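Chain nomenclature is as follows: A, B, C, D, E, F, G, H, I and J, assigned in order of appearance, with residue numbering initiated at 1 for each chain independently.
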Amino acid sequence: MVTGSYEGRQSHIPELKTPAIEVFENIYSRADYEIHFEIPEFTAICPKTGLPDFGTIYIDYIPDQWCLELKSLKEYFFFFRDIGIFHENVVNKVTEDLIACASPRFLKVRGDYNIRGGVKTVVEREYRRK
Amino acid sequence: MVTGSYEGRQSHIPELKTPAIEVFENIYSRADYEIHFEIPEFTAICPKTGLPDFGTIYIDYIPDQWCLELKSLKEYFFFFRDIGIFHENVVNKVTEDLIACASPRFLKVRGDYNIRGGVKTVVEREYRRK
Amino acid sequence: MVTGSYEGRQSHIPELKTPAIEVFENIYSRADYEIHFEIPEFTAICPKTGLPDFGTIYIDYIPDQWCLELKSLKEYFFFFRDIGIFHENVVNKVTEDLIACASPRFLKVRGDYNIRGGVKTVVEREYRRK
Amino acid sequence: MVTGSYEGRQSHIPELKTPAIEVFENIYSRADYEIHFEIPEFTAICPKTGLPDFGTIYIDYIPDQWCLELKSLKEYFFFFRDIGIFHENVVNKVTEDLIACASPRFLKVRGDYNIRGGVKTVVEREYRRK
Amino acid sequence: MVTGSYEGRQSHIPELKTPAIEVFENIYSRADYEIHFEIPEFTAICPKTGLPDFGTIYIDYIPDQWCLELKSLKEYFFFFRDIGIFHENVVNKVTEDLIACASPRFLKVRGDYNIRGGVKTVVEREYRRK
Amino acid sequence: MVTGSYEGRQSHIPELKTPAIEVFENIYSRADYEIHFEIPEFTAICPKTGLPDFGTIYIDYIPDQWCLELKSLKEYFFFFRDIGIFHENVVNKVTEDLIACASPRFLKVRGDYNIRGGVKTVVEREYRRK
Amino acid sequence: MVTGSYEGRQSHIPELKTPAIEVFENIYSRADYEIHFEIPEFTAICPKTGLPDFGTIYIDYIPDQWCLELKSLKEYFFFFRDIGIFHENVVNKVTEDLIACASPRFLKVRGDYNIRGGVKTVVEREYRRK
Amino acid sequence: MVTGSYEGRQSHIPELKTPAIEVFENIYSRADYEIHFEIPEFTAICPKTGLPDFGTIYIDYIPDQWCLELKSLKEYFFFFRDIGIFHENVVNKVTEDLIACASPRFLKVRGDYNIRGGVKTVVEREYRRK
Amino acid sequence: MVTGSYEGRQSHIPELKTPAIEVFENIYSRADYEIHFEIPEFTAICPKTGLPDFGTIYIDYIPDQWCLELKSLKEYFFFFRDIGIFHENVVNKVTEDLIACASPRFLKVRGDYNIRGGVKTVVEREYRRK
Amino acid sequence: MVTGSYEGRQSHIPELKTPAIEVFENIYSRADYEIHFEIPEFTAICPKTGLPDFGTIYIDYIPDQWCLELKSLKEYFFFFRDIGIFHENVVNKVTEDLIACASPRFLKVRGDYNIRGGVKTVVEREYRRK
């Protein structure tokens, strides 16, 4: 049984325009190496209850030509503070935005959310360039 | 040596009718990604002693067309509060109910129970769609 | 250099008669799933010093037709309270007794003993049915 | 979008002259074995803000003919105390300097930096001699 | 650049005579199983500074015909209390001594040393009988 | 501003009849000594939402003539499984029931509840006989 | 040396109108007992940088005639999500608002904020009715 | 309500003859100083169920003329391995035996028992010589 | 026996000119409340060896008319990065500088330094205005 | 019952000559402040078994005119590596040696020893100058 209204409220998410993330040149691009970020103060709005959600976003990536610039990445995440978005969609949206701006060789995004209604949720997506 | 009465008391479990779990459309179904839930306040009744059992249920799944809706999932687990059921059967029952309602690409269910009579029990089942 | 007396004192262990462990029918035997037990209050006697040894026994198994009944398993372990037996032999003895009574598809037994004479000992054996 | 000045400020890093790291003969070079170092008091300067960065450097390597001498390794890391260098470049620079001085069979360098502006960064590079 | 004196001071280590380690018969040698020891109070002398070093030695092995007897193993490690020996050489020396006395099917020796001069060192060697 | 209905729904709690707790004679009553219990599997019903609450109850007491019998204490706490009662009232009710049955010299009762709606609650009451 | 603008931007805080917190009757007011709340998802805006601050608010109080109602307390804290307010002022403002609405016998409010610019801040104020 | 049989089964405990604990002369008796022992492998028999109980005994004392000799203290505690005795009585019995043999200036005995039937128990008694 | 050179190298510390710490008006000065800061990335130079020292500085204070401004406090601590100063003197110097600039009602300064030469050092000074 | 030989073997400890501990002038002696040292690698010989003992020594003191110099303190503790001495006597000996060399206003010495024969021992002595 499907709750149609969910889908309706969130179907615009893949196209939602988010702030640009700056990149800088990877001067060691001849080698594969992994960069890991933890953003422990992520907050967005639950589209169902209107109440704030909190969590930590983890990013692992192997850069190709471009590295993610940290300050603009932070501003990118601040954008979600007033956005109504499900846990599952945050991780998918971030994954696709990071691929679009930095074309990494590998990327993994994990959203680890605080307990809500007695349930803890973690969502993780992994991407490997072919 | 088999204790026949056990089997007798639990053979109805696979067919036991449980509350429906709602699902919503997975708008990112073109990619594989993993969703993890922790339900730390699971309680049921030990069919042998009539005393309450306590534990945490962990669910990991890769959604296909449908995602599990959290609020109905919680209500699904509340249902067990007054049910006499062995640890092993909870995990198997939940696994088969979740497959039936959401047809995930991958599913793992783990029940991590509190110590009873000086013994701690964990049961885990994994399913991968062919 | 071999200390012959050790072997002598312990060569009867494989044939030592231990209390029967009850089993009950696995009503989900069509699937592979794993059951994990922790028995944190294991104690036996060191055959060399006569002093008590303490430790935790961990059991992981994939049941076939039979599941291990918890209460008789506990009584099985109480039996060792007055038995003089080396750490290595406890794990091997338990492994072979559990295979004999439940014919599992997979079994791992680990004995994690408290520090003795400034040394901590862990023994682990794994069995997979062919 | 690329911030050109970043690249400019850091393009000299691969050629930056660092203190020599002494090595000593590996008298067990006939076998592969792994050596792991943790240097928990690494500090350098952020080239963007001029403020100090802090972190822990982890090194894992399998020596070939030469082992890294610890005291000169420490002095090598002290050198960075006044150097403006990005997290990503520290790990790459160290990796290439260690390969040049000790020709290990395997090497992994990880920089685990303290949180900055609400974000934690870890960078890791692995090298395996062909 | 090599510090010749190091090599000189340590080249006798492979031949250094150490106390014998007793073994006893493995009455379950028909199966592979793993034995793990932790010796948390290892101490030796740093050959460079003459100051004591401290650490924990971890041993994992799969016995063949013989098991290591714990008391003589402890005395074997006490022997190093007054020996000047580098971290790397302790692990290699112990590995080769244990192979010589017990011919295990598998052996892993790890030395996890306390921080010295702001650096922590771990050395690990693994052996598998062909 | 007061929500009258709360008070209404809970004003019967002080007089609510609970299962008797057995006591046994304190054969060391000539001395003061403290007994501490932890009951980690407490569950009751939230009178506002009808959903289950979970928590741990801690009891510290100095017995006078009578000690609390553990098995009947457990049954006393099982009684709350289906009772609608606020966190604050559980602790006060338990305190007064224990004073009534065992007349301790000192008593402290603490209820440490799981997070609900993003808030964790702990309630504690202390009693000292004059 | 005083930065006058700080004071200017925050001098309105004591009079800032916040959402009402509901209370309910304390049916055990004849005894002193302590209630402790943890609100781990507090967020406000730094008035200096405009960036979000995160932290946990701890409340301990001994109720007199009124207890704090949890749901309205949560809404009270949500109010700060868009307010520019210093760490020190949050704790003082909350303290005085809670005294005004519930007249407790004792109250302690603590704000434990996440690290900012490499510094962690905790602010605590205690009140005892005379 | 009193369960008479408890009292009956345990009233002999205060007079139960236990192994002697040796003492040695305190050569620093002119000063007060505190000695703390932890005996983590205490086991006795539950007089009600006949099943083994496990726990840790903590002893703090300020010696006067005599110090407790460790080896005989251990043998003293081994004595309880086959004794049916309640948690409360172990602590009281040990306290009075230690006062009798060493006449300390101060003594505290704590028994911290493993969870039984979902309840953890700690018992503590303190003595100060007048 | 005194090492005169120590004293000589450090006797200028009490008069060493450090960067000014800004303060801002405490708008809640009518009440006592406590502010706690942790500065986990403190580093200075050991005056004896010339090597860097690392540690965490903890500050607790009750403000009177002025609160310490965080950004200038951080800059104050950066100043020590190139200063040769003993652990004991850092804590005393900071204490007296903070009293001079903010006249707090209470102040406690603790320096918790990383292990050096196998020894960990913590220094703490407390001040209470009369 | 006293084991005379103990006393005999240890009665020379109070007069045992230990290496001198250097002190340096306390330039902040006008204030009381506390210095804390942890020496985690203490080892001595058990006079009864001849086997090595290991532990951590903790020192807290308020200096008067003199501070303890760290390097000579370390050498002082190395001295015990080959000394047969009971746990209780180490703490008392160290206390009296430190009072003799630095005349502190306050001193606390704690020896926290590793488990031996299944028992952990901690000894602590406190001194306050009158």
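We take it that contacts are C-beta pairs under 8 Å (C-beta built on N, C-alpha and C of every residue); 3 or more make two chains touch, one makes a residue touch a chain.
Being a predicted model, the structure only gives us computed values, none of them experimental.
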Open item on the list: Just to be sure I understand the contacts, which chains border both subunit I and subunit C?
Closed with: E, J
- [ ] Count the residue numbers both subunit B and subunit C use at their shared interface, divide by all numbers used there, and answer same if that is over half, different if under half.
- [x] different
Open item on the list: I'd like to know which pair from B-C, D-G or C-J copies the F-H interface, where a copy means over half of the contact pairs are the same by residue number.
Closed with: B-C
Open item on the list: Taking the mean of the C-alpha atoms as each chain's centre, how many Å separate subunit D from subunit E?
Closed with: 29
TODO: Could you give the separation in Å between the centres of subunit D and subunit F, each centre being the mean of its C-alpha atoms?
DONE: 57
- [ ] Measure off the straight-line distance from the CA centroid of subunit E to the CA centroid of subunit I, and report it in whole Å.
- [x] 45
TODO: Scan subunit J for residues touching two or more other chains and write them down.
DONE: 40-41, 114-116, 118
- [ ] Write out all the pairs of touching chains, ordered by chain label.
- [x] A-B, A-D, A-F, A-G, B-C, B-F, B-H, C-E, C-H, C-J, D-E, D-G, D-I, E-I, E-J, F-G, F-H, G-I, H-J, I-J
Open item on the list: Quick check on the complex: what are the subunit A residues that touch subunit F?
Closed with: 114-116, 118
Task: Residues of subunit C that touch subunit B when the two form their complex - done: 20, 22-28, 31-41, 63, 66-67, 69-71, 73-74
- [ ] Report the residues of subunit B in contact with subunit C in the complex, numbered from low to high.
- [x] 1-3, 6-7, 10-11, 13-14, 88-89, 91-92, 95, 115-127
- [ ] Mind listing the subunit D positions that touch subunit I in their complex?
- [x] 40-41, 43, 51-52, 54, 78, 81, 114
